[in-house]
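Heads up, there are several structures right after this.
You will see subunit A twice below: alongside subunit B first, and alongside subunit C after that.
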Partner chain A sequence: MTHSAALSVEGLSISLAGRQILKDVEFEVAPGEFCALIGANGSGKTTLLKAIVGLVKPDSGRIKVDADGSGGTSVGYVPQKISLDPHIPLRARDVVMLGLDGARLGLPLPSRARDARVEEMLQAVGAGDFAERRVGHLSGGQQQRILVAHALVRRPRLLLLDEPLANLDVRSVAEIVALLRRLSLQYRTAILLSAHDMNPLLPVMDRIVYLASRCAVSGKADEVVRTEVLSRLYGYHVDVVRVHGRVVVIAAHEPEEIRAALARDPVHTAEIP
Partner chain B sequence: MFGSFMTNAWIVATMVAITAGIVGFFVVVRRAAFAAHVLPLGAFPGAAAASLLGVNELLGIVAFSALGVLGISQLQRWERREVATALWLAVALALGTLFLNMTRRYSQGVYALLFGEVFGIRSALIAPVAVLGAIAIAVTLLLFRPLLLDSLSPELGEAAGTGRGWIEFAFLAVLALCTATALPVVGALMVFSLMVGPASAARFLTDRPLLALTLSVVLSLATVWSAIALSYLSNWPVGFFVGALGGVFYAAGRLRHRGGPAPAR
Partner chain C sequence: MRVLGLIYAPGFLSNGPVHTALLVGGGAAVVCAVVGVFTVMRGQAFAGHALADVSSAGGSASFLLGLNPLVGFLGMAALAAGAMEWADVRDARERDLLTGVMLGAGLGLTALFLYFASVTGSATGAAITVLFGSMFTIPASIVPAALAVAGVALAVIAAIYRPLLVSAVSEDLAQAQGTRVRRIGLAHGWALALAVSLSAMTVGAILSTALLIGPAAAGLRLADRPGRSLALAVLIGLLATWGGILLAYDSYDWTPGHGWPVSFFIVVLVFIAYLLAALLARVRARGVSLRAVHPSGCGQD
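Entry: the complex of A and B
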C-alpha cells in the first residue's frame, strides 16, 4: 500500500518558534483521491501543507510524495488567502503560464506546445471566458480557478489547496468543489484540501484528515466524524451533531485553553452573557 | 542641439533611459518605489566621499549603492521592508552630511549630483555606464519570470522554488546598478522619477507583462529624449522635464484606463 500512495505522512512532528504544532501525525492519500483536511483555525492545517510542499522543516517524521519519474516536483500548491495585485499587468493566462515555467530564467520564448497546454488548462478550469483579463480584476471565485490552473498545469500527482473556499460566496464554493472533484478524476490527481468547515466537501470527499489537539485521525468521513472518535482526538468530550443535513462538531464544555484564558481575565468573563 | 558637444548627452541618456525603463517596470510591479528612491539618495554620500578622497565619483556611487543593498537586505531580516529601507536612508544621509561638511568647495558638485548634469557628461563616463546598464538589464531579463511570479505572490514563488530571500536581494542589486548608471546623468533626485513615471504609465496601457515592459522602455526613452530637447531649447533644467513628463504620461495612461475597473488600493 505504502508504495502506491500519492502522499504518505509518517510520524510527523513540527514545532514553530518553540511551540509544538503537530505531533506524530500519520495519514495517506491514494492516487486520485479527494481528501479533506479539516480542523479549526490554528490547528496546524497550513503548517502541515507547507511541510508537504517543503516550505517548513519537520522536527521528525517522513513525508513521501509519489514522484512520477519525471524528476520534477510532483506537488501543486495553492496557498491561503492570496490577494492578486490589480496593479500588475498580468492576464489570467500569464498566471497559468507562470505555473509552468515561473522558476525558469530568461524571457519566455514563443512555444506552441506551452500555449496548447496553458489553453487546455484554462478550458479545464472553465476560465476560457476571462483568460485575457487582468488577473487582479477578476472575482474571488475566478481568481481561485486561475490559481488552481496555475498549480495543475504541470500535471502534479498531488494538489494541495489551503483554505480555497474561504472568502467565497456559497455559489462559488459549490462550483469550485465540483470543479476540483472533476479535475481530480480527469487528471488522476490526488487532492488534499484544507477547510475549517467540512460540510461543502462531504458529498465529494473520499477521505478526511481531521486535525485537533496537534494530532490527526484519518479515514472515511463516516468513520472519523463520530462522537467517540473525535472526542478521543480532542482529548475531551465533543458531540457530532447532524442538523438539516449538515454536520456540526460541538464541544460539550469549553476547551482547556479557553477556560484558562477566561480564568486569567475575569473582566471579560463578566461580559459574556 | 545635435552638435558634437551634445553627443555624449544623447548616448548616455539613451542607455540610462533603457535601463531605467526595464528596472522601473519591476520597481512599480514589486511596490519597491521607496527603495528606488532611497538607493540613489543613499549613494549620493558615496560620491561626496569619493570627491573627498580624490577618487572616481562613479566608484563612490557604486560602493555606496552596494552598501545600500547589503544594509537594506540585512535590516529586512529584522524589520518591515519600508522601515528597513528608511533606516538605511537615515544612516546614509548622516554620512552624506558629514562628508559634505568636510569638503568646502563642493556646492556645485552637490547640485550636479542631486539634479544631474546631462549636458556636461564626459566621454569617460560612457563605457562604465554602458557596462553597468548592460549588467542591470541582463540580470533583470534573466530573472524576468521568477521576479514576476514573486511579485504576484511570494508564496507562489516559493512553492515554485524561487527562494524569497535571494530574489529580493537580486532585485535590490539590480536597482543599485541602475542607480549607479543613472545618478551621474539625471541626479539622485531624478533617478527615482525616471524609474517610476514611465513604468507606472505603461501598466495602464496593456495587461501583457512583456508588452508593458517594452512600453515602459519606450516611454522612458520618450521622456529622456524630450526632456533633453526641451531643456536645450528652453534652458530649463532637464530634471524638471523628466519629472513633469513622467506625470503627464501617468495622467494620460490613467485617463485612457478610465473605462476599466479601477485598481483597488
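Entry: the complex of A and C
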C-alpha cells in the first residue's frame, strides 16, 4: 500500500528554535481520502503541514508525496488565516489564475485553455457569482473558497488546508466542509485538513490524525477517538465524552495546573484564602 | 496652433533642456509608477522614501567628485536596497525602525557632502538640485543612460510579475508554489532602487516619494486588476510629470525673470490626481454598499 499512498509520513521529527515540536510522527493518507488533522493550539498542526509543503525542514524522517507526473508541486496548500488585503487589485478570478502559473517568470500571455480551466475551478467551488469582485472585499467564506480554488486549480493529488474553518460562521463551516468533500471525490484529491474541533468534520472524514504531546495517532475516527487511545497519546488520563452525536475530548487538567502555578507564586498564594 | 499657444508658451517643444526633461522625466514617471504599484502592494512605501534619501548621499557625493550624478544616486540606492533585503527583518515595526535609522544616516551623509560641495564651491546650487531636483539642468548626455536604467527596471518587474503578485497576497502561498520569496524581494528592491534614483534625479530625493507612491496609490484605488492599475498609474505619472514640466516652462512668463520649480508642479499634480482617485473610489464604494444593503430576494420581494 505504501507506494500508492497520496502522502506518507515516516518517523518525522521537527524542532523549531531548539524546541521539539513533533517526534516520530507516522501516518499515511490514501488517494482521495479526507483526513482530519486534529490537535489543540500549539500541538504542531501548522508545523506538520508546512513540513509537507516544504516550508519547514524536518530534523529527521521522510515525507513522501505522490507525484502527479506533470512535474512541479503536486501539493495544493491553503495557509492559515491569510488576510487578503483589500488594497491589492486582484479579482477572485486572478487569484485562482495565479494558482496555475503564479511561480512562472515573465508576463502572462492570453490563453483560452488557461481561462477555461480557471472558469471550471471557479464554478467547482461555487464562486461564479463573485469571480469578478476584488478578492479583499469578499467575506471570509468566499475568500476561503477562492483560496481552495487557487490551491486546486493545478489538480494536485494532495490538498493541505490549515485551519480553514477557523473564524467562519456556522453556515460557512458547513458549506466549506461539504464543498471539500465533494471536490475530493470529484478530483480524487486527498485532503489533509487541520482543525482544533473535529465535530464539523466527523460526517466526512475517512481518517483522523490526532496530535498531542508532540506525537500522533491515526486511523478511523472511532478507533482513535477513544479514552484509552488518547490517554496513551497524551501521557495522562483524558476523557472522551459523546454528547448528542458530538465528541468532546477533555484533556486539559487546567484547574490542577493553575493551582500548582498559584502555589509556586508566593504573592498570589498570600491573597488566596 | 493658436489653441496650442494658449496651453504652452512659444518655444516649448523646440527647447533643448525641455526635451531632456520630457524624456528623463517621462522615463522616471513610467518606471516609478510601475515599480511603485508593487512597492505599495508590498507595504514598502516608507522603504521607498528611505532609499531615495540614502541615494541623495550618492547624488551629493557625485557632485563633490564631479561624477555623473546618475552613478552616485544609483550606487547608493542599490547598496541600501541590498542591505535592507539582506537584513531580512520580518517584523513590521522593527523594519520601520531600521528604515527610519537608515533614512537618517543617508540624509546625514548628504548634509556632509553638500556642505563640502558648497565650501569648495565646486558645484553651486547642488543642495537644491540633489534634494529638490532641477529638471531643466539635467545634461542631455545623461538621456541614454537614464532610459537604459528605466528599461532595466521595467524588465526586472516584467520578469517577476506573477511571483510578485502572489507574494503580495501571501508569502506562504508564493513559497508553497516553489517561489523563492527572498530572491523576489531582492529583485523588487533593486528595481525600486533604480526607480528611486531616476526619480531622485528628476524631482529630487526628498520629493521622489511623491512620484513613486502617488500615481501607484491612485491606480490601485481605481482599478480592480493589476494590469489596469499599472496602466492607470503610468498614465497619471506621465500626465503629472509632463504637465509639471509644461507649467514650469509657462511659469517663466508669470513671474518674469525666473520660473517656478518643476518639482513643485509635478508634486501638486500627483497630489490632485490622488485626491480625485480617492474621492472616486469612495463614491464607487458607497454605490456598492448601497446595493449590498438592499439585496434582491431578501424577504419583502
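Just so we're on the same page, the second predicted complex is superposed on the first by the 251 of 273 C-alpha atoms of A that agree within 3 Å, B and C clash if a C-alpha of one lies under 4 Å from a C-alpha of the other, contacts with A are read in each partner's own complex, and residues count from 1 in each chain.
By our rule, contacts are C-beta pairs under 8 Å (C-beta built on N, C-alpha and C of every residue); 3 or more make two chains touch, one makes a residue touch a chain.
This one's a predicted model, so the numbers in the text were calculated from it and none came from an experiment.
Visitor: Answer with clash or fit: subunit B and subunit C placed together on subunit A by superposition.
Guide: clash
Visitor: One more residue to check, A:L185. First (subunit B), second (subunit C), both or neither?
Guide: A:L185 contacts neither subunit B nor subunit C.
Visitor: Touching A:L262, do we find subunit B (first), subunit C (second), both, or neither?
Guide: neither
Visitor: Touching A:I250, do we find subunit B (first), subunit C (second), both, or neither?
Guide: Neither partner.
Visitor: Counting only touches as set out at the top, which of subunit B and subunit C does A:I88 meet: first, second, both, neither?
Guide: both
Visitor: Report, in rising order, the residues of subunit A that make contact with subunit B in one complex and with subunit C in the other.
Guide: Shared contact residues on subunit A (touching subunit B in one complex, subunit C in the other): 53, 55, 73, 77, 79, 82, 84-85, 87-91, 94-95, 98-99, 101-108, 132-134, 150.
Visitor: Considering only the defined contacts, which subunit B positions touch subunit A in the complex?
Guide: 28-29, 31, 141-146, 148-149, 151-153, 155-162, 202-203, 206-212, 260-261, 263-264
Visitor: State the interface residues of subunit A toward subunit B in the complex, per the touch definition above.
Guide: Touch list, subunit A to subunit B: 53, 55, 73, 77, 79, 82, 84-91, 94-95, 98-99, 101-108, 132-137, 147, 150.
Visitor: Along subunit C, where are the residues that touch subunit A in the complex?
Guide: 40-41, 158-163, 165-166, 168-170, 172-179, 219-220, 223-226, 228-229
Visitor: So in the complex, which bits of subunit A are touching subunit C?
Guide: Touching subunit C: residues 53-55, 72-73, 75, 77, 79, 82, 84-85, 87-91, 94-95, 98-99, 101-108, 132-134, 150 of subunit A.
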